[in-house]
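So the structure is just underneath, and the comments pick up after that.
As written, the chains take the letters A, B, C, D, E and F, and residue 1 is the first residue of each chain.
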Amino acid sequence: MPLDPAQIETLSGISTATLTTVLLKKGLRNVWMRGTKPLRAGQPRIVGPAFTLRFVPAREDLATPASWASPTSTRAAIEAMPEGVVAVVDAMGIEDAGIFGDILCGRMQKRGVAALITDGVVRDAAGVLQTGLPVWCNGVAAPPSVAGLTFVGWQQPIGCGGVAVFPDDVVVTDDDGAVVIPAAFLGEVLAEAPEQERAEAWIMKQVEAGAALPGLYPMNAETKARYEQAKEDGEA
Amino acid sequence: MPLDPAQIETLSGISTATLTTVLLKKGLRNVWMRGTKPLRAGQPRIVGPAFTLRFVPAREDLATPASWASPTSTRAAIEAMPEGVVAVVDAMGIEDAGIFGDILCGRMQKRGVAALITDGVVRDAAGVLQTGLPVWCNGVAAPPSVAGLTFVGWQQPIGCGGVAVFPDDVVVTDDDGAVVIPAAFLGEVLAEAPEQERAEAWIMKQVEAGAALPGLYPMNAETKARYEQAKEDGEA
Amino acid sequence: MPLDPAQIETLSGISTATLTTVLLKKGLRNVWMRGTKPLRAGQPRIVGPAFTLRFVPAREDLATPASWASPTSTRAAIEAMPEGVVAVVDAMGIEDAGIFGDILCGRMQKRGVAALITDGVVRDAAGVLQTGLPVWCNGVAAPPSVAGLTFVGWQQPIGCGGVAVFPDDVVVTDDDGAVVIPAAFLGEVLAEAPEQERAEAWIMKQVEAGAALPGLYPMNAETKARYEQAKEDGEA
Amino acid sequence: MPLDPAQIETLSGISTATLTTVLLKKGLRNVWMRGTKPLRAGQPRIVGPAFTLRFVPAREDLATPASWASPTSTRAAIEAMPEGVVAVVDAMGIEDAGIFGDILCGRMQKRGVAALITDGVVRDAAGVLQTGLPVWCNGVAAPPSVAGLTFVGWQQPIGCGGVAVFPDDVVVTDDDGAVVIPAAFLGEVLAEAPEQERAEAWIMKQVEAGAALPGLYPMNAETKARYEQAKEDGEA
Amino acid sequence: MPLDPAQIETLSGISTATLTTVLLKKGLRNVWMRGTKPLRAGQPRIVGPAFTLRFVPAREDLATPASWASPTSTRAAIEAMPEGVVAVVDAMGIEDAGIFGDILCGRMQKRGVAALITDGVVRDAAGVLQTGLPVWCNGVAAPPSVAGLTFVGWQQPIGCGGVAVFPDDVVVTDDDGAVVIPAAFLGEVLAEAPEQERAEAWIMKQVEAGAALPGLYPMNAETKARYEQAKEDGEA
Amino acid sequence: MPLDPAQIETLSGISTATLTTVLLKKGLRNVWMRGTKPLRAGQPRIVGPAFTLRFVPAREDLATPASWASPTSTRAAIEAMPEGVVAVVDAMGIEDAGIFGDILCGRMQKRGVAALITDGVVRDAAGVLQTGLPVWCNGVAAPPSVAGLTFVGWQQPIGCGGVAVFPDDVVVTDDDGAVVIPAAFLGEVLAEAPEQERAEAWIMKQVEAGAALPGLYPMNAETKARYEQAKEDGEA
C-alpha cells in the first residue's frame, strides 16, 4: 500500500510529537519506538510505509557468515524492498551486534529505501554515514549481526522498541525518533494532525509574545475564539 | 517430528546442566533460556519437541479482549498443539502481563501438552497450579496478556530468554530451567550425553569418598583408566 | 473513606487477575504494581484503602538513624494509620535498603494495619514473618532504610511499582501481587467483577469437561446462552 | 531563598567536578544527578535555587490532555516559578514520555527560569532548542507527558536521578551534569571550593610542565610549600 | 587470619540487619552484597573469613572445558581453601552461567568450607542442594561457567554484589543475605553489636506489649532509663 | 610486548568492524567492549598493547581522597605505563563516578599513552578534552572515583564492557568502539584482515555501481573470479 505524494507531503509537515498527541487522543499511547535515535544530526523528516525485518537471538550453528548467502537472508530482504519504504528492523534491542554496515546500507540507498529504523545498532558507522541513507538506531557496534542475531524473515508483524509494527503501517521519523501510525488510523490522522500543528504554532507565538499558560494551553473558550479569529484573519 | 519413546526416556535421564556441557563442546554456548524457572518446586524433567508461539508488544487497538476470538489467537494456537509438545512462548521477557491463566493452561493440560515454557509470566498463579500443567516462566502477574502483548502467530522461529528456538527443536527442562537441543544436534546429543552423565556421577562418588579435584575433574589419564576399569567392573 | 464490610467481602471473592481484566475493559491498563510479591506463600487475599508513604533517595546528612526520631518519620506515619488500611510504600524500587524490619511491622500489626505493600524490600525477614503482618514486597535486604532512602511524608500521591496510587484508592492483593482500584471506579468494579468471576469459573468447568476454547472463551452467542441457562439452573 | 549575585558569581567559577569533591570530603557522596545531560553542547554553567516538580506514573483516567487545565498542572507550576530558579523535575527516569515541549519551555524562558533539569526527557527537541532555555535531561521522546506520567505537585522534596532534592537546595550544572548543594552546606562550599579549584588549576599546570603525579596530586608537604609560595608570588 | 571460636559464637548471635546498622553508624553504608540469597530456606547463620575467587568474562579461546585442568583453575582454588572459610566469588552478577555444580560444591563441603557466596549463580541446583553446602547465590542456571566466565585467580580483592571484599574480611550470612565486616572494624563490631541486638529485642517486646513507636525506637531519655533498669533487673 | 611499527601501521588500516568479522570466523564472538564510545567525534584509529587497571566497588573506609597517595593508587599505575600503551580500565560499568579527570589524563598524555579505554566514565569532560588524550568511555560524571570505586591494581586480567582483557592483548579503537585482539591471535589477524578489508572495499564499489547483493556479498564463485581479476588488474 504505497502512500500517495499528497499524504507524504501532509505528514512531512507534522512533528512526531504532534502525531503522538493525536494518536493518544484516540487511545493509542504506545506508538513511539524506544531507543532509536537519528544516527546523524539534522536528518530530514521521513514518511513511508513500514517494510519489516525480523531477527531472533544468535545460535552459533545458524548465525554464521555462511548464512549470509541463504535464501532467508538480510540480502534477500533488501532486494525485496520497494522504493520509498521505511525499513523497520526488530533487533530485540540488542546493542552489541550491528545489524547492517556500509555495504547493506549502500544497497538500500541505491534501491530508494527512504530510511532505516531499528531498535538495534549499525556497524561501521563511518561507512554507513557515507552512504547517505537516513538511519535511526540505538547506537553503533563493531561486531557483525551474526555475533548476536539470527535473521528469520521479512514483512511479518514485529516489535521495535516496544511498539508493534505491521507491514504497511506508516512510519514518520524526526529528531524525536520514530512513530508508527497504524494503517487503520491513517485517514483520521491526516484529517486532524495539521490542525493540531497549526494550533500549537499559534500558541507558541502567544508564548513568545509573553502570554501566560493557563487558559492558553490547552485553550479555554476565550482563547479558542481568539484563535478562530486569527485563522480567519490569516494570522494562524 | 515427534520424538520416539526411547529418545524421550534417554533424555529424561540427563540433566539440563549436562546437556549444556555437551552442546558447548560442540560450539553452542547459547541454548539455555534466561529468566524461565519452574513455577512449582519439584516438577518432573520434561522432554518434548518445541511448539512455538509469538507475541509482539501491545497496541491498544489490537490487544483487546475482543481479539481473543480472532483466528490468530492464543486459543487457536492451543487447539493446534499436538500431544506431547512443549509450548515455548516468546513474550519478549515482559513481566507485567500474564500470557495465560487457568483456563488456557487447563485446556493445554487436557490436550496432553507436556509443558509450557515462556520468558514471560503467567497470571492467576493459584489457578494455573491447580491445572497440573508443568510450567516454567519468569514469575506471575495479574494483568491479562492484552495489557502488554499482541499475539501474532505460532510455529514460527522465536527468541525465548535470549535463545533462538525453531519448531521441532527439542526442549528439556528441570530445576535449572529449560534448554533447547537444535534438531540437527539431537542424534549426537543422544549418543554422547549419557556417557557424560555417567562419568560425572562416578566423579561425584570419588568426591564423596574424599578425592581431591585436580586430576579427577576433568579426569587425567590415570583417573580415566580407573574410570574405565570401574565401568568394566560394573561400578560406574 | 473506609470500605464497608460488604464491599470488603465482595472484593475478597475476586482475584486480582479478574480485577485487572475488568479495569482494562474500562481503559485502565496500568493498575498492577510491578515487583511486589507475597513475602510468605499462602497469604490471604487482602482488601483495604491505601495509606501511602513516600521515600526519596538517601542523602547522608538527612538519612541517619537520628532522623528516625523526627516528626516526619516512618514512626509518626505508622502511628497515623487507621485500622484496616493497606500501607502502600513508594520506595522507588530500591532493593538494597529495607524499608521496615520486625519492630515497625510488629507495630503495624498491633495497630490493625491490614497489609504492607511496597516496591522496595523489607529487612530482618525472619523477624517480619514472626509479626504475622501480611507483606507484599520486592525481596529482602539487611541494610536499614537510611542506607538508601530518606522518608518524606505520608498520604500523598505516590508511584509504587510503576502505578499511581492515591490515598483512599482501594488495594487488593493475592498470590499474583497487588492491584489498585481507583476510588472513582470502585462502584463499577463492585457491580461487574463478581459476574466476570462467575463466568470464568463456569468456563473453567467446561474446560475441565473437555471443551475446546474457540467459542467458549470468549463466549460466542451459543455458549452465552448455555451459560445463562446454567445460571438459571443454579449450575453456574 | 534567592541566592545573592556574589554567591552566583563564585559558584559559576567552580566546576561540578570540584563541587562533588568538596561535598564528598564532608561525607556527601550522592549529590550528582544520574542520567541528566546537556541537551545542547556548550551550554553555560548555571547556578540557582531548586524549584521542584513531581510526577507519578500515568493512570489513564488521570493522565489525559484534559488534565493539563487542572489547577495542579505543570502549567500552574510554571507560572509559580520565580525568576532565576532552576526547575528540577522528578520524572522517575522515565524515557518514553517527554515532560515538556517547546511551549512550556518557551514560557519558562520568558519567566526568567535559569534552567530545566530532569531525569526524564523532553519532547519536540528542535522546538525546545529554539526557545533558548538551557536544558539538562535524559534524552528526547515524542510522546506527551500523559503517555507515561501524572503530574502531582511542586515545591515538594523529590528524587531526581537518584539524588534527594529539596526546594531551595542550590543546583549547579555544567558539561558533567547537575549537582545539588544542600542548602545547609552552601556556606561551607562557598568558603572552600574556590581554593580547591585554584589548587587543581596549579596542579594541572605542573602536569603540563612535565611533573609526575606522586607527591603532586594529592600534594605532599613539599609540593604544598611550593604551591603556597606560588600563591604568594601571584603564580597560582 | 582465622576467627577464634568466641568471635564466631558472638557473631552467630547477631543478625545481618543489626550488623549493617552498626556499620552504618561508623560511616559504612555499602557492606551488604546485592543479589545473593539463600539457595535453601532455613540455612543457618554462617560466620567466617572471606576466601575470594575472581572471574572475568568468557573468551572462547580461554573459557573451555580444557581450562578446568589449568593451574589457575577453580579446582586449584578450592584445594587451597582452609577449613572454616567462606568462599566469596565475584561472578560480575552474571546469571546465565553457573559458577559451580554438585562436584565442586561437594568437594568444598568435604574440605570444611563454611559456605559459598556469589553474586552469580550455581548449576545443577538439585545436586548442589544434596551436598549440604550452605550456598547464597543469585539463582540457578544450567550452563557451565565457561559459557560466560573465565576464572582468573583467588585471594585477590574483589567486588561481589556491588561490595568490595578483601581476603580475611569477615562475612556473615543469614536469611537477609550476606554482609562483609571489614577486618579493621571487627573489634568494634564485636564490642558493640551484641548490645544493639539486645536493645532491639527489648524494644520488640515493648511493641508486642502495645507500646507506640515515638520515644521507643529510637529510645528517648525516659525509655533509655527504663531499658537500663530492665537490664539491671535481668529483664532485657 | 611492544608492537612493532609495521604491525601498528597494518592494523591502523583495518576497521574494528572488519576485525570482529575476522575474529568471529576464528570462533571469537566476544571481543568488542560494550558501552565505550569516543569522547570526541573524529578521534583517530588507535592501536596499542593493553595496559590494564582494575577497580572494585567503593567502601567508605578505603575509597577516600587520602587513598590517592597510597602506593596502590591510580597515580602509581599511570607512572608505570610505558609509551604507546592503551590503558584499559575495568570500572565495572559504573556510570556515576568518574575514573579520571583532567589532571590524570593530562599526565597520561605527557607520558605518551596512546589512548584511554574504559567501561566507566570520566569527569571534568571539558578539561579532559583539553588534554588531547584520545578517550573511549561510557559517558561523563562529575563525582570523583572514590564516590563509587576503589582502585586495586594494574596489569592484571580484567573485564571491560563484558570482554576479557589480558595485559599485552592488542586493542584497536575507532568510531565503532574498542576491540581486543588476543595476543595469541595477532599473527593470524595481521595476515588475514587486510585482504578482508580489501575485498569489502571492492564490494562496496560494486554496490555503488548498482550491483545487487545476492552473489556479491558474500561473493559466489563468479564474483570471486571477477574480484581476483580486479586485483590482478590493480582495480581492487
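Everything below uses one rule, namely that contacts are C-beta pairs under 8 Å (C-beta built on N, C-alpha and C of every residue); 3 or more make two chains touch, one makes a residue touch a chain.
This is a predicted model, so every value here is computed, not measured.
> Hey, what chains does chain C share as contacts with chain D?
none
> If we look at chain A and chain F, which chains touch each of them?
Chains touching both chain A and chain F: D.
> Could you find the chain whose CA centre sits the greatest distance from that of chain F?
Measuring from the centre of chain F, the most distant chain centre belongs to C.
> Which chain lies the greatest distance away from chain E when centres are computed from Cα atoms alone?
Following the centroid criterion, the farthest chain would be A.
> Which angle of rotation, from 0 to 180°, maps the CA atoms of chain B onto the equivalent atoms of chain D, to the nearest 5?
180
> Just give me the whole-number Å value for how far the CA centre of chain A lies from that of chain D.
Centres of chain A and chain D (C-alpha means) sit 32 Å apart.
> Report the inter-chain centroid distance for chain A and chain E in whole angstrom, where each centroid is the mean of the CA atoms.
The answer is 49 Å.
> What whole-number Å value describes the gap between the mean CA coordinates of chain D and chain E?
38
> Where in chain D do residues touch two or more other chains at once?
27, 29-31, 58, 60, 162
> How is the touch graph of the chains shaped: line, ring, star, complete or other?
Its topology fits none of the listed shapes; call it other.
> What are the touching chain pairs in this one?
The list of touching pairs comes to A-B, A-D, A-F, B-C, B-E, C-D, C-E, D-F, E-F.
> If you look only at chain A, which of its residues touch chain F in the complex?
That would be residues 58, 60, 65-66, 68-69, 75-76, 78-79, 95-96, 98, 101-104, 106-107, 110, 123-127, 139-144, 146-148 of chain A.
> For the complex, which residues does chain C have touching chain B?
15-17, 19-21, 24-25, 29-32, 34, 37, 162, 174-177, 179, 200, 203-204, 207-208, 210, 212-214, 217-218, 220
> Which part of chain A faces chain B closely enough to touch in the complex?
The contact residues of chain A facing chain B are 27-31, 56-63, 92, 150, 152-153, 156-159, 162-165, 182, 184-185.
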